[in-house]
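Two complexes follow with chain A in common, the first pairing it with chain B and the second with chain C.
Coming up: the complex of A and B.
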């Protein structure tokens, strides 16, 4: 339901009544084929929202090329016809599909649902009203979103970086950070938007790639690149790409002369007032909750934080204040793509828990007629040539293609359709297949990437194997890209049809692969992440085996007192342990480790070994790695020799116990980034800035007379944690910035500890006499992570943390199917992010475990035993570890050599094996050597 | 008549084939003498295919992935 908004949510968890108002689209989604003829003819141009007003769109439009659903819509405020009845109406005239409906009206829907997920996102801060940056006044001051469009190949300048004012190439660009973030004077957004540092670096690097010689400077307060591999990226930006970083707050942007150049004035770290000149200034705008989302929050009756984000608990990060209503993404605080994707899955897990009794209640299975066996038949090819309205037929001479197709070998039937994908044509194709006894089908139409599934269903409905079909892409790859040359396009269409016919001639009936699933999960690690994932799966109804190395559940959280939002960790962990122990679906294996693994997705057999050396084999369909991390044991800052130098974890304990040394101490120095963000461990441990700030606040609150110093490199109290940083400054905590090359020196001086650090404000070395020095130590990966990784064939990254399948799109999946990751094992993170990730991993595992079998596409590698001589070249190249080398059954008592076996459940059909095999011993069904060779031959036949 | 090279392009279903689809959606015009063969990964392209194409008259072969 697009163009729709929720107007009312009544009822309670498990049984909500939701009113939805659907605004008119004025385009019939069933009929629109997104050909774009309407938009071409539409005479009305307005600013494109997608291009952040750097370009124009028409009144009838799709938001962007990859929009889902890919259907046009009319903007009623811009449309001439809708504004003035009787006028214009060009789109209606050119739409061959008859999809335009000017009489479309608003519709009201009432839905009965068990749970609601709020995922409305954010809006970028609009800097127009703030004035100081000259946005909206000087054309060469743009926002980061606008720069994104200028750098995009599909943007207004096709990726060329030019100045909006005069189209001149840009030589010097400045990025101003924290525009609309960490700023209560100009915009009342006190929080950090969390993502802008990283995107500014990315834009600077990409801009330099686009315009060689471009100078880029990023003006910032703290670089907050706290995500996985972000610090490495920043280092590369600095050292390899030459992006310049300047720590300061720019006072304002002024024009320099009348030529469009811009002047920035700022005070540098040495306290000098400086001026610099730029062609273009990019404002790194922050994220905020839009007004309509505030209204939605009101409608949903959920609580918001002081920063206007949905209020959630750190131990239930996707649960709002109203039971049954969940969130994901930026509605619950500014966050980046990986975290939003994680929360998307986490919300699904939370809903699955709530609604598990109703699972599959509304599911219906389609039925198909029995498949005809065509293996003994000669090929009888049917070709259907689509006009796609005028999209193909307007350029390509489809009649000529039709006539040509009829002359191809084995072709017994050819037909043309106005729209091959329409319901009536589908039914007609079914009829023709049956009438004409067709056993191979070519659809000459659009792209298989969108339409192959549809036509496969058509074949199934006709009782023909769905793989006996090939599409010739005569629209996207032909009529749309050769509009100026109909003759050549027609010739190419014939070639494409000939190629498809040649390939399908050698096509075989393929059976989809069915893999049985053991509907149980194995969770490795009994910390917060492991327990959360295990509990969620158990509450969804699955049996869970939880393996914990130590004799106690809780993991690193046992060392923590409060989350950043102030929730009491021991209480929450105790609750979690209770729930886990009381759940009879969960079997806990303490003092055990995984020592052996066999099998694959849906069918793992893991061997666990207990302290007593006894082993057990656990069968499971999916596995979650939540083995956690360790606190770094420092060797620096005389940690080993001075008693008053302690780690943050030790300090928490001492502080909690009101130990005499802490009680009496007057002067505390926190040193950040101990073991983080330096050579050999170039990553941010993410939690330490907030942790130290919290400790500093507690010290100050207990006794305001204490002197508390925090020596930091970049204060990374990201997102809404910024409020803590502000509170600490208000309480008089002194923050002193140091650089990696000028680390503080810690020495014992009788009863006091001397801490020497360069003071950037005073421009001189500063000596602090301290009673206690607290080292904010890094989070390290588990030493045995790589070993466990090897067992499950899942990788660790350069630092030793587990490597997910895709940083953004598959943040909790491993590239090995059926295995997932959560918590510190993946990367350092605070509790609420571990919990969200654990829920996400549970949701991903449940997509497998909820079925007794999974059906996989039949495009998989297969062995041709006549040719395979067991050379095993393919075994090494297979990225999915799907191929194994086995002994052939012995013949006459003689060893018969080796042969490969493909595990279809693990195979993704990529064909690296086929590309590597020198003997034609392995092939991919649906893309065999014979089929592709036939296609090549056909391509070059004329 | 001027020389018109024949080009065979092997395109990965997940990237370059999709990109060629998008070029169509964006109505980007390009020369018509390329014939695209869809593969499930550019790694699937056996060296023999490239030899086949060249020996059968292709003037150029692209493997895009």
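Coming up: the complex of A and C.
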């Protein structure tokens, strides 16, 4: 439902009535084929929201070229006709589809739903009103979002980095961090936006790729690159790409002369006032909750934090203050893409927990007509040539391709479509297949990677086997890359069509493989992440086996007292353990480890071994790895020899027990990044800055006379944690910055501990006498992570943490189907992020476990027993271990021997076996030798 | 709670990357989803980005 907003939410969890207001689009979605004729004729230009006002759009427009739904809309505020009845109306005249409807009206919908998820996102801080650093006055001061559009191939300059003022190439660009973040004077956004440091580095690196020789400098207070592999990226940006990082306070951006150059003045770490000159200044704008989201929060009647984000608990990070209403993404605090995706899945898990009794009540499976048996028919090929608007037709002479296609053998029908993928064309193709009795189809359009599933559905809807179709990619492989040579592109399109037709001629009807799923989950690890994931799945109704290495549930959380937001960890962990123990769907295996694994998605068989050496085999359809991490045991800072030097975990215990030494001590020094962010472990442990700040606050609150120092490299109290940093400074905690090359020195001096650190302001070493030194130690991966990884064929990264399938879009999936990851096993993170990730892993596992069968593509290796002589060459090359060699008994006069069998569930249809086999004993369905040689012959037959 | 008949559908307000992920996971596990988007097309802020760390994948 697009152009729609929620206006009212009545009812309660499980049964809400929601009112939705749908604004008029003025374009009939059923009729619009997105040909673009309307926008071409539209005389009214306004700033494009999508391009962050760097470019223009028309009053009738699509948000962006790849928009879903790809349907035009009219901006009623800009449209001449809608503003002045009777005027203009060009779009209506040129629209052949008759889709324009100036009389469209607002519609109200009332919907009955069990739960609501609020995912309205954020807005980038707009520096216009505050006129930050001359934004809005000097044209070459732009926002980071605008730079993003300039760098984009689909942006206003097609990826060329030029100055807005005069179109000159940019040679020197400065990024100013924390614009609209960590700033209560200009914008009242005291929090840190969490993502800007990282995106600034990314933009600087990419900008350098776009404009070789470009000089980039990032002016910052603290570089907060706390995410997975972020510090490595920063290091590469510094060392390989030459991005310059300047820790300072900027105090002015002024024009230098009238040519558009900018003069930047700042105070560096030594307190010196400096000036530099730039072509362009980019403001790294923060994230904030837009006004319409505040209204939505009011409509939904949910509580907000002081920073205007949705209030949630650290142990229920996607649950709002109103039962049955959940959040995900930036509405509950600024966060990056992976964390937003994690929360999307987490919200799904939370909803599924609430609504599991009503699962499948309102969903329907698509039904298809009975499949026609075409095995006895002669080939009757239908070819559909797509214009893709002007994407193909603008370069390739599609009419010539059409005429040529009709001359190919067995081709009985050819047609051209403006967009072969549009809804109406799909229906038309179904009709043509039926009336022309087509039994082989060629779609000459774009890439099968994105569109093959769609056209397969089309064939199914026409009662034709979905594998009797071949795509000829005359766009990505042709019109897009040969824009300068239309003639050759047309010839190549003909070649591609001829090859596709030749291949499909020998295509067979194939049946997708269906594998039953064991609707049970195995969770490895009984910490907060493992318990949360296990509990959620059990409450969704699935049987869960939870394996814990030790004899106690709780993991690392047993060492923690409070979350950053102040929630009492032991109480919450105890509650979680209780729920887990009382749930009869959960079987807990303590003092056990996984020692063997067989099987594949939907059908794993894991062997677990207990302390007593006894083994059990657990069958499960999905698995979640939540094995946690360990605290680093330091060797530096004389930790081993000075009793007053302790780790943060030890200090928490001593502080809680009101141990005499801590009680009496007056001077405390926290040292950050112990074992983090240095050679060999170039990653941020993410939680230590906040933890030390919290401890420092507690010490100061207990006794304001105490001297508390925090020696840090970058204070990474990200997102709303920034409030703690501010509170600590207010309470008089002293923060001293040090660099990696100038680490503090800790020595024993009688009863006191001397801590020596370089003072950047005074330019000399500073000596602090301390009673206690607290080392903020790193979080390390489990030593046996890689071993467990091998069992499930899931990888660990360079640091030893488990590696997810995709850093942004599949943050809890492994590349091995059916396996998921959560918690510290994946990367250091605070409790609420572990909980969110655990819920996400549960949601992802539930998408599998809720089904009785998993359907796999029919493109799989198959054995031709007439030719296979059991040489086993294919067994060695198969990357998925899907082929095994078995004994073949004597039969029909043939002697006994060996033959291969293929596990279809493990086979990915890559074809390595087929390419390796010297005897044609194995082939991949849908890519038989006959099909491929026909295709090659067609390629050569010119 | 027991007196409330639970409805097997969910409304998701916002069609950005997080809303879409929630919608897909719920639809894939047996719930009917209404995805409500304020603008004319889904995609949200991520669709505006050029490339993303660490793979430099196009955000589309």
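What we mean here is this: the second predicted complex is superposed on the first by the 751 of 942 C-alpha atoms of A that agree within 3 Å, B and C clash if a C-alpha of one lies under 4 Å from a C-alpha of the other, contacts with A are read in each partner's own complex, and residues count from 1 in each chain.
In the analysis below, a contact is a pair of C-beta atoms (placed from the backbone, for glycine too) under 8 Å apart; a residue touches a chain by one contact, two chains touch by 3 or more.
Computed from a predicted structure; not experimentally measured.
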Once the shared chain is lined up, is A:482 touching chain B (first), chain C (second), both, or neither of them? first
Does the superposition put A:173 against chain B (first), chain C (second), both, or neither? neither
Give one of first, second, both or neither to describe whether A:351 is in contact with chain B, with chain C, with both, or with none. second
Partner chain in contact with A:18 - chain B first, chain C second, else both or neither: second
Which superposed partner A:496 touches (first chain B, second chain C, both, neither): first
According to the stated criteria, A:161 is in contact with first (chain B), second (chain C), both, or neither; which is it? neither
Chain A residues touched - chain C or chain B, whichever exceeds: C
After lining up the shared chain so the two structures overlap, which partner does A:924 touch, if you call chain B first and chain C second: first, second, both or neither? first
Once the two structures are superposed, pull the chain A residues common to the chain B and chain C interfaces. 66
In the complex with chain B, residue positions of chain A that touch it: 36, 65-66, 154, 447-450, 473, 475-478, 480-485, 488-489, 491-492, 495-496, 499, 859, 877, 909-912, 914-917, 924, 927, 929, 932-933, 935-937, 939-940
Applying the document's contact rule, which stretches of chain B touch chain A when the two form their complex? 6, 8, 13, 17-18, 20-30, 32, 35-41, 43-49, 52-53, 56-58
As the complex stands, chain C meets chain A at residues 1, 4-22, 25-32, 34-57, 60
Which residues of chain A touch chain C once you look at their complex with the stated criterion? 1-6, 12-16, 18, 20, 25, 49-50, 52, 62-64, 66-71, 73, 111-122, 124, 145, 148-149, 151-153, 155, 159, 198-199, 201-202, 206, 229-230, 233, 292, 296, 328-331, 337, 340-341, 343-345, 347-349, 351-352, 354-355, 357-363, 806-809, 843-844, 846-847, 850
